[in-house]
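Next come two complexes, and both contain subunit A; in the first it sits with subunit B, in the second with subunit C.
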Partner chain A sequence: MINTAEKRGRWLVLVAAVMLVVVFVLSFALGKYPVPPDTLLHVLWSKLTNAAKDWPDDIELVIFKIRMPRIFAGALIGAGLSAAGAAYQGLFRNPMVSPDVLGASAGAGFGAAFSLYLGLNFAFVSVNAFICGIIAVGTAYLISTKVKQNPTLGMVLAGIMISSLFTSGTSYIKLIADPDNTLPLITYWLMGSISSIRINELVYASIPILSGMFILFLLRWKMNLVAVGEDEARSMGINTKIMRIIIVSAATMITAACVSISGMIGWVGLVIPHFSRMAVGHDYRVMLPMSMIMGAGFLMIVDNFARMLATLEIPIGILTSFVGAPFFLYLILKRGNNV
Partner chain B sequence: MKKTKTLLSLLLVLLLVLSAGCSNGSPQEPVDVPESGADADSSSAKDSEDSTVKFTDSVGREVEIPADIERIAPSGPLAQVVLYTLCPDKLVGLASDLSDTQFEYIDSKYKSLPVFGNFYADTLNLEAVMSANPQVVIDIGEAKATVNEDMQGVQDKTGIPSIFINMELDTMAEAYRTLGKVVGEEEQAEKLAKYVENTLAEAKEKSASIPEESKVKVYYGQGNAGLTAVVRGTVHSDVIDAVGAINVADSQENIRGGASDISMEQLMLWQPDAVLLAPGSIYDDVDSRAEWQEINAIKNKKYYEIPEGPYNWMGRPPSVNRIIGIKWLGNLLYPDIYQYDMDKETKEFYKLFYHCDVTDEQINKLLENSTHKY
Partner chain C sequence: MKLDVKNLSFSFKSNIILNKINFSSDSGECIFLLGENGAGKTTLFRCILGLLREYTGDVLVDGINCKRLSVKEMARKISYIPQAHSPTFNYSVFQTALMGTNALMNMFSAPGEKERQIVFEKLEMLGISHLAERGYAELSGGERQLVLVARALVQNSRILIMDEPTANLDYGNQFRIMEQVKKLAHQGYLILLSTHNPEHALLFADKVLILKDSKIMMYGTPAETLNPQTIENIYGIDVEVQIVHTNKGNVPVFVPCVG
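Then we have the complex of A and B:
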């Protein structure tokens, strides 16, 4: 029985991975600038085989300078946030937890807002966002170590407190920012967007995101035990304290890095792990990779809408909640007991 | 699981190859493919690109731009306003949609233009810009800290030369002349620059003639309570400074710019001589709000609504609309010093800048709550 469920899960992961590749290639074909599918396939194939370029410059620019960075960003950030969300939900044994629960997003948002306020250049904005995200979670963690009875609850509460501190800091900066110059920049930055991501930003951010995901991937079996309960995990010989530190660090690294280049993209980290669980069950060995695949696919698809819906760009952070929330509601109502 | 791993690694290899493929994007021989999917205009644009000129923009970036520019994309609403005044028919798209009330002053043929979005709102759709095939992308306004990288980024991604022109109140005339050269509309640019220069010079001379003690104290309020003050020293308050009046909202010196909410008590302490209310604020019912009757300016009927159409005359966006704003506010607060016939001035300004013959009815609508109030 367990065997068949496991097999089914693996099959589903495989199917999802194939679909991810399809979505990935398809995303290159979508956008306001007309690129015929045969030209696109020809260009992609020529790049793979290193054949000579025989297509116009504007096609090259559209595919590789405009679409490619955002497709990679969508895949990376979607997978990262979903993995971080899945890890946190298991660690805190709470399905309402999302990657920003410990203050990573609020901290990163504050770092970015402050840097924009000071008029720093974009590289500093991202770096400061990342650092502040880490500081926020670090502080929440240090506070939680003082809570003796229930460190998990302590961490969530400390995270909520730190988040709200940083959020009010951000609000204060918005209040004193120049309303014509800085305030719009901060507001739109916080809204979340991957349309203007630069390729070198993406390369730097991919280091913490991919390594964090790799760590979580290695720990996926142990996460099963942590998700069951602390005492049970301890009885199975797992050092829950160290596990918690590792999972929190990896998930924080991912979240802060994602937010630092994209702004706040809500819902992905909360909803995708649920979808994944509905599809393949609670076993982290399949659920975690499934979350990553679904998250990557989801954000790539939503970004396709962001650039297709209107001639102007729609910030992806708005769309993720627009798409994510009703779909999530539908699933809850339809299969409420499985959530 | 094994299959998944193989698949994932395959995917990873694909990604790596792709990214490697693009990073060595050395300039290979561009070969024109006729059935490329780009529209027919691209060939004509390519012809004129044959002759390019070097242009150094306001932040020192050297950009090769076509010598003969017929197709321009604005990068934001400010650029849109300015380019509309200078060369409306060269715009291939808009940064933001115009409302129906704005189209009372702007020819409806521009309704069909695509909307690209605003770069600094992260809504600029680069592919939509490319589809419209402009020869140059122009950003106009106050220089943001990152404007250099920003415009270079747009240029790298679209392959379209992208330039920034600094335009604030005191650099407006110069900006028009520069832009006129870039887009080949020197005659119109000179007319607009002259108008701007004359208006500013007149205002400078006239405001200097007003002795400090007889300067009018002005409160500029907005929002649905009228208590969001436009603070002195911001671009939206520039017009008040330029005509030689005093914006009373300067107590927030620690607050760098910005509109900030004040209390009724603060306003009573300030006791401004005149109150300016933003369009859509509380002008219509301020005389029925009891607490406002404690303000002398309200009691004495010295409160006005700022004209709007197609843009607010005091800013929002802070662009050329402020030029007519200076004439209007000067005339409103100091009619003996700024002796303008505002009906005539409005007609002239709208003709020159917005290419629009305003009717007497429109003028009355613009000025009924200020200059025409009595």
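Then we have the complex of A and C:
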């Protein structure tokens, strides 16, 4: 027996993957210093085949030193946040949930703000942000285990509380920070940007992000069952307690690592899984890979705009919210028709 | 397949919800659980299913204590058919029923051709294979209930627990679901279901289990248990039993004494 919905979904994922490759290559060409497509393809091809270098140094610099890190960062963070968002939406059985629901972003933001306040160097800022993100979610999780009746609701409530605590901590640091140099640094960091990411920072962050995504990918079929509800999933043989720990850990590793290198990039983890659902339905076997692909593509595209729209580079966090909010309104108005 | 519940008690804080519940049942039986709202019907089901684990006493399936079984082993013995609810995510009928195959597979496997075949068989058996590609949320209550039955059958356990399967269904669908349930019992499934409609018990039950004040008030065949006295006892309503002659035979009904 054939299953047409499933076949259609797989086909759409393939199309999206091809489009992702196109966006990826095009992103190298776009920016303040445009590289003509033929030169770009020539350079990329020569690099791949190890051919001799016959192009000017500034093109080499633009493509590999300036654009490559942010393109990879955009792809990685977009895919990661979308996967984490999709996973949390299933776990909490709520399509309005985003990756920061358990306080990972608020925690990471606090860690970064505190490190900047102490004047630590950028590597420490990222590491501390990551650690604080994990601590925030860990605390929320421990609190939620005390809630016997409804563990998922307990987790959401604990997450809201922890987020609020860390956000107030961040605000206090901003209040006491030196308004001439530390405060602007903190503010700019929190806005979310991938323009200044260095390649070695990216390599370290990719370890938790990719392993988290890999774990979620392995469990994508089970997530369908988790998403129908605690009792039903258990009665169908899912150990929901263990599953919850695995999903929360994987999604938290991803979110904390993303925020620790890029700051707060909102809306991606909420809006992209939605679009993925609209395109291929709710089956996580196709929906999760689709979310990753669409998220990667979306953030690369938005980053292209971020560096081209104005003379001063616009932080990507501002742009994703600017694009995400109207999208979201559109989704809410459309809901009930086909979602 | 035998299901034995021995001395099962459950309390929440200082509230005793179930007090020394004892009964045993065998495959091919259709057991109707009656009791007023809050009598502990759902709690009893949740204990049997292992969703609540803080009970005292034992639930035995073929003599094996359920507390010793893993979540997955439980899923292979007993499946749960919840009330037809409105879902958060609109999975298709096929995807919904496919979820039942989780009990058959190990940790990292996803369903393949063999599992899909099982799903189609069960959908076919319940007469809903034409709905396979439709979204669960777009179905009527009766169709949704059948999809959940299909999902439980895919799980391949011989004990089915149904929580008020006819609640929220229209008159016709209530009877269609009950007839399916009866058929499943004839095929050897052991079915335990709760209902607020004693007439269904009168018509379709092999055995009736009545919960009152957190204890079993009665357990036996409909003829032994269902009389005006019992109904008065459970619901506080005055009724009479009448035998109505229809073209298919005699049908007992409860008639409320009102007016």
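Everything below uses one rule, namely that the second predicted complex is superposed on the first by the 329 of 339 C-alpha atoms of A that agree within 3 Å, B and C clash if a C-alpha of one lies under 4 Å from a C-alpha of the other, contacts with A are read in each partner's own complex, and residues count from 1 in each chain.
We take it that contacts are C-beta pairs under 8 Å (C-beta built on N, C-alpha and C of every residue); 3 or more make two chains touch, one makes a residue touch a chain.
Here the structure is a predicted model, which is why all the values come from computation and not from measurement.
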item	value
Partner chain(s) touched by A:305 [first = subunit B, second = subunit C, both, neither]	neither
Touched partner set for A:193, first subunit B, second subunit C, both or neither	first
Which superposed partner A:289 touches (first subunit B, second subunit C, both, neither)	first
First (subunit B), second (subunit C), both or neither touched by A:119	first
Partner chain in contact with A:204 - subunit B first, subunit C second, else both or neither	neither
Contacts of A:172 with subunit B and subunit C, given as first, second, both or neither	neither
Superposition-derived comparison: subunit B or subunit C, residues of subunit A touched	B
Contacts of A:54 with subunit B and subunit C, given as first, second, both or neither	first
On subunit A, the residue positions that both subunit B and subunit C contact, one per complex	285
Subunit A-touching residues of subunit C, taken from the complex the two chains share	46, 49-51, 70-72, 74-76, 78-80, 82, 87-92, 94-96, 99-100, 102-103, 108, 110-111, 116-117, 120, 132-133, 151, 155
Contact set on subunit A toward subunit C in their complex	1, 3-5, 90, 93-95, 218, 220-222, 224-225, 227-228, 231-232, 234-239, 277, 281-283, 285, 339
Complex contacts: residues of subunit A adjacent to subunit B	10, 13-14, 17-18, 20-21, 24, 31-36, 39, 44, 47-48, 50, 52-62, 64-68, 72, 119-122, 175-181, 183-185, 188-189, 191, 193, 195-196, 198, 285, 289, 307, 310-315
Complex contact set, residues of subunit B against subunit A	1, 3-4, 7-8, 11, 14-15, 17-19, 21-22, 25, 28-33, 35-38, 42, 93, 114-118, 120-128, 130-131, 142, 144-146, 149, 153, 156-159, 234-236, 254-260, 318
